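Letters A, B, C and D mark the chains as written, and numbering starts fresh at 1 in each.
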Amino acid sequence: MKKSSMLKVEGVSVSYGPVRALENISIEVDRREIVALIGANGAGKTTLLKAILGVQKVQSGKVLFLGDDITNSSTDKVANMGLGLIPEGHLVFSTMTVLENLQLGAYHNPQDFNDNLENVFESFPVLRKRIHQTAGTLSGGEQQMLSIARTLMSKPELVMVDELSLGLAPKVVSEIFDILGDLNNKGYTILLAEQNAKKTLEFANRAYVMETGRVVLQGLTQELMSHPEVRRAYLGSNV
Amino acid sequence: MSPVLYYFLSFTGINILMCWSLYLPYRVGQLHYLTVACMLASAYFSGFAAREWSWPFALIVVVGILIGILICLIPSFAIGDAPCFTVVIIGLTIIFILKTAVENSPALGGTIGFFGIPQVNHLLPLTYLLVVYAGAVIYRIDHSRLGRAASVVFVDKNTAAALGIDVKRLGMFFQVAAGALAGLAGTLYAFLIGGLFPEFFNLGVIGTLMCMLFAGGHTTMWGVIVSVPILEGMQLLLPSAIASWRQVIYALTLIVIVLVLPGGLVTKRMLLRLKGKVSGGISKCNN
Amino acid sequence: MEIFAAQLLNGLSLGSMYVLLVLGFNLMLLVAKIIQFAYPHLVVLSMYVCWGVLRHTDNMLLVVLASVASCIVVNVAIEPIFRLLAKRHGLDINVSFVVSMSMALLITDVMSHLLNYGYPIAFPTEWVGKSIFSSGLIAFSAGQAYALFGGIAAVAAFFYLLYRTRQGRVLRAISENSLLSSIIGIPIIKTRVLSYAIAGLLGGLTAVMFARLLGSASPGLGDFVGMKVVAASILAGLGNLKGGLVCGLLLGIAESMAIGYLAGSWSNAIAFMMMLVIMLIKPEGLFGIEA
Amino acid sequence: MMGKHTKSFAGLLIMAVLLVCLAGSSLGAPSAAVVDQWEIPFLNCLTGPIASIGEYMAWSAHRAAYEINQKGGIKGKPVKIVDYDTGVSPEKAVEQMARIVNKSLVSLGPVPEACIMAAMPLAVRQGLFSMTASTTYEYSTQFFPWTLSWYPPTDKHLAPAAAAWAKEQPKMKKVIQFVEKWACWPSMADAHADGLASVGVETFTVEVPTDAVTFGPLVVRALAQKPDGFMFTCTSEKVAKIIIELEKYGWKDKSKILIFSSADDMPLYTTGRDSLNGCYIYAYFDGAKETPRWKTFKENYKKDHGGLDPTSLSTIYYDCVYMIKRAIEETDVTGDPKKLKAERIMIRDYIRNMQDFDGIQMAWSMKDGIPSDKGSFLFVIENGIKKCVTYVEAWK
């Protein structure tokens, strides 16, 4: 085990009633890495993220975060330890203002609220303009930015992003990927679950390929991009 | 037959009908207390028709059922797919309005009550004949396309709509069927007791029926067949020293059952298992 | 005109009580996702606590504290039952309705068996107070003043808490999306318990004001008020706080006007009839469901 | 998965065992050929919001039984009151009546009107004399001869009482009557109005909604009609609350208020207190008149009810038990189950025409199930105590 390992998932299985959603999954994320989970809809990416965060009950296996066992811990405790999830579908508290959303994000980290707010506004200048606007009135892209910003307000050690590009225009997606890249440069560790394999593989350092609840391939993204199976199934190439 | 047994069996039959009439709309997630209003209307109609017009019993039963259907049909155009609690309030409201109407009708005895409904011979076997018939119809409904569609609606209306189920029409169907059952129960009730009083139809009735439905199990029609006789019998058998705590015992029973056995005493899974065991047993014998 | 003004005043003081009850009821509906039908019954129970304390002391502060404390304690004490219920059934408000109806029955029976031999309790005459203002048919008692102004203060404090404080933000977040709230690290169970406590606090205050307004209480009071609270909440749209505010007040005024102007037993029937029409036209309630 | 079903089956099993145990305990008792005690069932409302009323009715019946047993019972055998709870549910009333209807000599109750309506037809069919003494003539008369009326016909005794009050207050021309539409109260209100009309007082009705929480609006409405006085035909607690509201709206002359007999109940006094001073009320006996029996009754009642006084409704079933005692002693009733049918009729016929019954407070006679010489008393309330103003004879 490397010293800098931040998140370690060991042989996790999850069932929804009689249906097995995850089968013996093991992944690892190191400090300052960008790791991607790719796979089709229903491959189990979201379930895995939920299982890590304790939203979804794990039947067997172990989840270690910063060396602590967090398997089936309560979600708020895990979030408090520094695990931030940016959920699928750019979810925001739509009846509340942008500022209130950000304040909620800082629930566990209220001490240097103003500094954090400044940092976040630096990355997302558009939010500063909308600070007193109700979150429900923002555009899809802005909501996604708010969702990310809200997560950053808690200064997480690890940022998990679920389906970043879903329902957003390609241009906005590129913009947000750029911002995530910046964040990584600033020291954030990122775990990314995406259907959009091409873009993700270009962006991440390492990736796990998931199919029907199992990890079928893993490795550095450059290697994976040249893997014939990946090229056929995910990159739309005939070769 | 001893009067205790006679009334125990009769009320059990009537309450099973009433519980079923709550059970059916609950298949699509609605607590349809309007059925108590149907019961009230058809009970008063039956009493009146029997005493004043001397109608034959069979005709009264038919018209009583029609009255139940009518009372449920009209609002169902608006609340066929309404949220559960809208249905609750509309039910309570109509009960209240009908009660006020009865209280202000001297012909129905007003607040004093309606006396002297003539007796009918063989009421008990007739009751059970009708209960069995109603049960068979409900069984058919439950195991038809309608029953399966209702199960989907119960879990999620949007999914149901996406699957092409007409949620409103389905809700209307179950509400009207419930009205028919309640109308039948009301007629039998009037003839069984022989007198009516507006206060007969109040929150307490709803509470008792809910207790019976949820204790028995709201996921199948069979639950109430177990819970109604038990709860009816309990009150007869409680020693008089604790009789005054009967309500408390009822309430606690319900809370405990709902907490410990979420589906009630009889659940769908249990039935499936039972079925499996029986058929398994048979196949073993054959081997 | 004089009669109308008099009835309006009556309606407002009664309405402010309904508003408080509807708010507490809606808060638990929004945050804990339950229908707490027994909430008005709990408030009546707290009125009994007031009455009990008053027999030993006439220190107003002690009475209020006892009322509030008892309502919070009981309301928080039943939270685990609903939590277990949610664990077993998922967040099914229908089942919570069934269970809380049983609780209401329990509370009523405890009051009618054990407390004051089941007789109605009466609060000291000074509590209700004589008219502090009177001209012709318009009269305003100290009790009404407490109910009206106390009610306004409590509602203002409640909305301040909800819209201007950190805890209030958290409560609103859970009511909007509890899954998202837990993902960003908000402790759900702790906050739900908090919502029971706040509803208990409101209930305890309501009990004191109700005691001053009515001057007495009986075991059946919870049922009388309970139906109206649920009706107002549904009419507004379940869990709609601002709608509940409007409908609670309207209910109080409508009730006063109906009794004041319409023929006896038909007055409530007409009120119900109006409600029926509204519900048939707008099944989601006047202001829409927020739960 | 196994667990869930096991639990369900276990639940069913526990319920079944419970049921069998209970059945054993209550049905298993062997019945002796000739009774060694007089068992009198009492169908009463012991649960729900009005359980307090049922409680004191039961208390008074048990009190009478206790006294009788202290003095050697009836014909040497002790008497035992057995309580059957009906709540306010018609269904329970019928089922409880069904339990006793074939085996009891005579019974007490049922208590609230809903239960009378439901259970009495069964008693009539099976020939059981059941004393529905706590209700008015309208209900009893439907079930004659299988019950008795505790009061004379409504119009015959209510109208004179109301008229007597109007005679005390000669300047009244217009009276508002607060009427709650419940059971026979509307017809009692009509009787009041008739009585007032007979002395030239006009009556206007204001209906009291059963589920009203506050009464200010009602009082404003009544006062707007500028009446000279008020008459109350509604629940005791509501009477008290409306009088308090009247006071708030500046109504000073309490002597212009008359309260009907059914509201002569504890909640009136505990809720109304000082505000009742000077109000008139009519009822069927004079609690201030001391007799030794009434004194012991009162003392014991207070001891068991935290110092609260009994009211005129508290003694009804006490007198009933003594009526049964006298009926058994004066006839050839043996209690032998074989002669049940005949002995039931003996008791019935004796009680229906009992002469000079010595009640706890006064003596009266019955004629065909109706009291023939029972009048009422008009009182003024002073500090929670009723002071008799006049005795009103019922119309013949």
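Remarks
Note that a residue touches a chain if its C-beta (ideal position, glycine included) is under 8 Å from a C-beta of that chain, and two chains touch if they have at least 3 such contacts.
Keep in mind the model is a prediction, meaning the values are calculated, not measured.
Drop chain B from the picture and the touching chains left over make up one piece.
Averaging the CA coordinates per chain and comparing them to the mean over all protein CA atoms picks out C as nearest.
Distance between chain centres (mean CA atoms), chain C to chain D: 35 Å.
Rounded to whole angstrom, the centroid-to-centroid distance between chain B and chain D, based on C-alpha atoms, equals 34 Å. Per-chain Cα centroids separate chain A from chain C by 43 Å.
Averaging C-alpha coordinates per chain places the centre of chain A 51 Å away from that of chain B. Residues of chain C in contact with at least two other chains: 109, 113, 223, 227, 265, 268.
Shown for chain B are the residues that touch two or more other chains, namely 103-104, 244-245, 247.
Touching two or more other chains at once are residues 47-48, 51, 181 of chain D.
Remark: the chains found to touch one another pair up as A-C, B-C, B-D, C-D. Residues of chain C touching chain A in their complex: 166, 169-170, 172-173, 176-177, 179-188.
By the touch criterion stated above, chain C contacts chain B in their complex at residues 35, 81, 84-85, 88-89, 93-95, 97-99, 101-103, 105-106, 109-110, 113, 223, 227, 230-231, 234-235, 238, 265-266, 268-269, 272-273, 275-276, 279-281, 283-285, 289.
Residues of chain B touching chain C in their complex: 29, 31, 75, 78-79, 82-86, 88-90, 92-94, 96-97, 100-101, 103-104, 203, 207, 210-211, 214, 244-245, 247-248, 250-252, 254-255, 258-259, 262. Residue ranges of chain B in contact with chain D, taken from their complex: 2-4, 6-8, 11, 103-104, 110-113, 115-116, 119, 192-197, 199-200, 204-205, 208, 226, 230, 232-240, 243-247, 257, 260-261, 263, 265-267, 269-270, 273.
Per the touch definition, chain D reaches chain B in the complex via residues 4-5, 7-9, 11-12, 15, 19, 22-23, 25-27, 46-48, 51, 54, 82-85, 87-92, 94-99, 101-102, 113-114, 117-118, 120-122, 125-126, 138-139, 142, 181-187.
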